[in-house]
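Scrolling down, you'll hit the structures one after another.
Below, chain A partners chain B and then partners chain C, in two separate complexes.
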Partner chain A sequence: MAAPVSIQLEFGGGAELLFDGVKKHHVTLPSQSEPWDVKQLLVWIQRNLLKERPELFVQGDSVRPGILVLINDADWELMGELDYQLQDQDNVVFISTLHGG
Partner chain B sequence: MAQDVCFLKAQLKEKEKEISALKNKLAQLEKTHTSVLELQDRVTPLTPLTAKAALSNEDIMRYSRQLLLPELGVQGQLNLSKTSVLVVGCGGLGCPLAQYLAAAGIGRVGLLDYDEVELSNLHRQVLHGEENVGQAKALSAAHAVKRLNAAVECIPYHLQLSPENALQLIQQHLDLADLIYDIVADCSDNVPTRYLVNDACVLSGKPLVSASALRMEGQLTVYNYCGGPCYRCLYPVPPPPETVTNCSDGGVLGVVPGVMGCFQALEVLKIASGRGSSCSQQLMIFDAQDARFRSIKLRPKKAGCAVCGENPSVTQLEDYEAFCGSAATDKCRKLNLLSRDQRISVQDYKFITVNQEPHLLLDVRPPVEVDICHLPFSLNIPLSSLEEKKSEHIQLLQERIRELKQQMAGDCWPPVYVICKLGNDSQKAVQVLEKMSGSDLDSITVKDISGGLMAWAVKIDPTFPQY
Partner chain C sequence: MCQVDEVYSDHLERAAVPSVSKKCLKCKEAAAAVVIRAGHSYCRGCFREYFIHKFRAMLGKNRIIFPAEKVLLAVSGGPSSCSMLSLVQEGLSQSAHKKLRFLPGIVYIDEGGAISQSMEERQRIVAELQAVFKGTGFPFHIVPLEQVLDLPSSVLVTGPPTSDQPASAYKAAVDHFIQNNSSIFSAPPDQEETSPPSQKETSLPDIQESRVHLLQQLIGSVKTLTAKADLLNILRQHLLVHTARAEGYSKLMLGDSCTRLAVKLLTSVSLGRGAQLPQDTGFSDPRYGDITLMRPMRDYSSKEIAFYNHMFKVPSVFIPSLETKTTDKASIQRLTEGFVTKLQADFPHTVSAIYRTSEKLQTAFRSSSTADSSGRCLFCMCILDTAVESASAFNMTLISEQLSQTKAAGNTKAELQQQSPAEPESSAPAGQCCSSGGGEDCGRAAGGGGCCSTDKATETPNLRSLLCYSCQLTIKDMSSVDHLPLYILSEAQRRQRRSQMREEISEFLLDGEDD
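Moving on to the complex of A and B:
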């Protein structure tokens, strides 16, 4: 069994509006047989934090186009994207791209 | 006598020659002077900037405080004077950007914007003044820049950047020696233009200093620079149009694009002077609420990128509005979700109020907008609350409908008219309420007031504020 994982989730660029305008969420992912990865985190967020309009956040099993995911201040693509295994105290940021000027 | 006549004739001829030369010179001067601020409505060829051999005494005095920086120095200043920058968008980002580039002594700025100055622009688009409302933004910005530094060559373009003119504008001549704009700054306000500018920069090999701002946040990256990624490497697929918010919907605090535009100017000046930018493969995020900057390491250039990858599928500019499914402006879209009998005009609604027909007016805007202005007797329940079926709001709506019913004769229900700012959210609300009618709510008739409060202000009550 993998131990529970405590992580900080942050939403920005307007993505926080899907989470009652709250930018920072400290969450604990429960213990489970497999280690937590980002793909499972997205499902967990949908079930536990995101109540309405999931299409504005996810598409298929990934985030929708126009949302950038950062793991510990690095582009998630450098970290393995959906397969990245979450570590205790990780910081995962979901930034919606801005287009205004 | 004959000799005198001959002499005078010769002298006269000489003077005429002189006058004609002076006239030519004057015409030439006037032409170059006016052409500086002649508004371009299409792309015209430009002469390449020539490098200055040395700084004049006036240059030295003017730029002395930055010349003292070893990071810039004389060579850096000379480099600035031979650099030309294309500013795409003369709004909240483009204004401070152009201002600082001109102040620092950049050689040439192309100022491009298809739009005209509006009163609601002035809180953030700081080169434009009250007297410029209605004027082309490109021209207004060019005048302001010229006033600041007459030595900077300013080219105002009053046109929409398009797949047809973009490469011509940035590249001008295919001969590499004649590249006209050295650096492009994306200060635009919509998704199709951002892809268009990116592809044009990749195809012409220009660095792209790109920033954006909305509400209380800003983002900045330098694309296609020093082997780093391009915009498409990061965002291969455009966002669904319904997830994109513009400044007129979401709002923006003026100083936020101000900070980001200044940041863009900084990176442009670093590239132009020869120092180089450190924002390639970096995303700078500015959170004005928390007063925090954050620097994110981005993915490298993608081998499979559609435009800058090893086997690009985009080898010429395409139709970006079709690619993104949205228009290349930040103007609000007009949705058409309902049938004609589900909507009434503002004139119809005026008639209903004049006749005092019993009804419920439901305003579905967020409370922050209701604070700005609202019609009397309206009940405010934001669209988001209806979508989430917030029980206290649904109950409130139900109570108000029943109260009205009691005041009415017979067994009929009062109609519900839904209003918002422009008539888009109100249509969504009608759809949501129709689904609830007969289950979560009593059976009600719901109609949308077409065009919303802004149509009311234009067509019915000119004293009603517009925002």
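Moving on to the complex of A and C:
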């Protein structure tokens, strides 16, 4: 049984509009038998935070193309993407690059 | 991601494969933080250096900004243009030999009126941007889009190029500049903050309710989102060019990123803007003559920009647009954006391949870039691609469209008759203006010109003949052209009178140039 995980989520580049315009969220993921990974986090965000239009944030079981993810200030591509196991106090950032100019 | 190397084949495997080493490719010491492209990841420090160097290299390579030249940065508040602003700041703070040597200013076009934002909302966004602009110490201009309604027709006239000087002149100017180390530059930009007159227009000027209403009527007269976005682009560009001219700038820097340009390029193709590709997406764009448009961010992907802005706290302001929160299929622009973004995620190299295609078209195009304003599109100022012979497929499309649109707004019966070459013009009451020319000539001009429409003062000029193919599509989407700003309508009349006059005297001219 893994302990609950407290993390900070940040949304930017317009992605925050899907979350009531709030950029930073401190959340606690409840304890569960498996450790939390990013794939599960996306499901949790959809169920608990996302206010509207899920298709503008997720696609399949990943983020929609054009949304960049940083885990602790590094490209998630370097961290294993969906398989990355979240640690307590991690910082996960989602930045939409859609329609920036 | 947008680097120039010709080898695509080995990069075409999916980028998602985490085949990246965790150390920085450049210094091989620090932990990697950003994946530039498959197998290329940099640490924070090296990424910053790479990002900054690319900007200076881009400007250095192209050598079109002379020392002490005034350069206007078009900042929309979005990530790419804000990144451009911070790169210019960075460049000005460098030590002497690496330093950028031009005089920057900032322009922000507030488009809130076009998307029915409340005045409070517009003021809030402007205040947020003001804080960013003030921090740079550069002079800035905040211009509401409503001002486009009061532009002079001269915006649509190309000016004589100002800096058409050879490369040797550039070298000499730089050397001269370094030797004299001009006193304007001896003070770093943050000390210039003590001179408030350089930042005079600090808040959103008063906008009359009636102007907002007129602008909304204009945008509202366009039916589809695709054409709305197109029209907005055109109006914004006119206002930017006008501001540059009015404030004495000779270069206008736009913040289009590589990803954005790839979207623009593919959109352009789908909208029929084939002929304008090189100018729409190239590094420098001479279509206005005296004001050169530049796109120094065209080598940056939107990913690089987003990472840089996030890591180095470059402030940007999210500004809702026509297309905010619309679905992928809401407009051709959005559809293409969705496609390119997916490409970028899956096959990063193809995106740079797309926009680099435009470079290959450039040389062939340049030869014909000398047309004066009457040979240019009334909207986008590109060289007209519609001047083709009357029997072309293009003309046939036009004629059949006109015949099937008898009920379109503004198309009176008389107008229809003169537009159809099969109909003898004698039956049209407007025939009198053609009396000096031959009847045949009139019929031919009407196919693309409607030479008779200008003598009735109230009548809207036949704009289509003055537009490139893609701007014709935009206007086709408008329920009425009456809402177009006056400067466009009066310039249209002027051009039509001119071509009418040319038509009338054509038989006295020697052969060769057949209109």
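Points to keep in mind about this one:
Here is the rule we use: the second predicted complex is superposed on the first by the 97 of 101 C-alpha atoms of A that agree within 3 Å, B and C clash if a C-alpha of one lies under 4 Å from a C-alpha of the other, contacts with A are read in each partner's own complex, and residues count from 1 in each chain.
Assume a contact is a pair of C-beta atoms (placed from the backbone, for glycine too) under 8 Å apart; a residue touches a chain by one contact, two chains touch by 3 or more.
The structure presented is a predicted model; accordingly, all values stated were derived computationally and were not measured.
Once chain A of one complex is fitted onto chain A of the other, the partner contacts of A:14 extend to both chain B and chain C. Of the two partner chains, both chain B and chain C are touched by A:66. Touch criterion not met for A:27: it reaches neither chain B nor chain C.
Within the superposed three-chain model, A:98 lies in touch with chain B and with chain C [touch as defined at top]. Of the two partner chains placed around the shared chain by superposition, chain B is the only one that A:51 touches, whereas chain C remains out of contact.
In the superposed model, A:80 lies in contact with chain C only, and not with chain B. Common to the chain B-facing and chain C-facing surfaces of chain A are residues 12-14, 53, 55-56, 65-66, 68, 70, 73-75, 77-78, 95, 97-101. Put simply, chain C touches chain A in their complex at residues 15-16, 18, 20, 22, 31-35, 41, 44, 76, 78-81, 255-257, 259-260, 302-303, 305-307, 310-311, 316, 318, 321, 323-325, 327, 337-338, 341-342, 344-346. Chain contact summary for the complex, chain A toward chain B: residues 12-14, 51-53, 55-56, 64-68, 70, 73-75, 77-78, 95-101. Considering their complex, residues 12-14, 16-17, 53, 55-56, 65-66, 68, 70, 73-75, 77-78, 80-81, 93, 95, 97-101 of chain A touch chain C.
In the complex of the two chains, the chain B residues touching chain A come out as 89, 91-94, 186-191, 194, 211-215, 217-219, 234-240, 242-247, 250, 252, 257, 283, 285, 287, 294-299, 330, 387-388.
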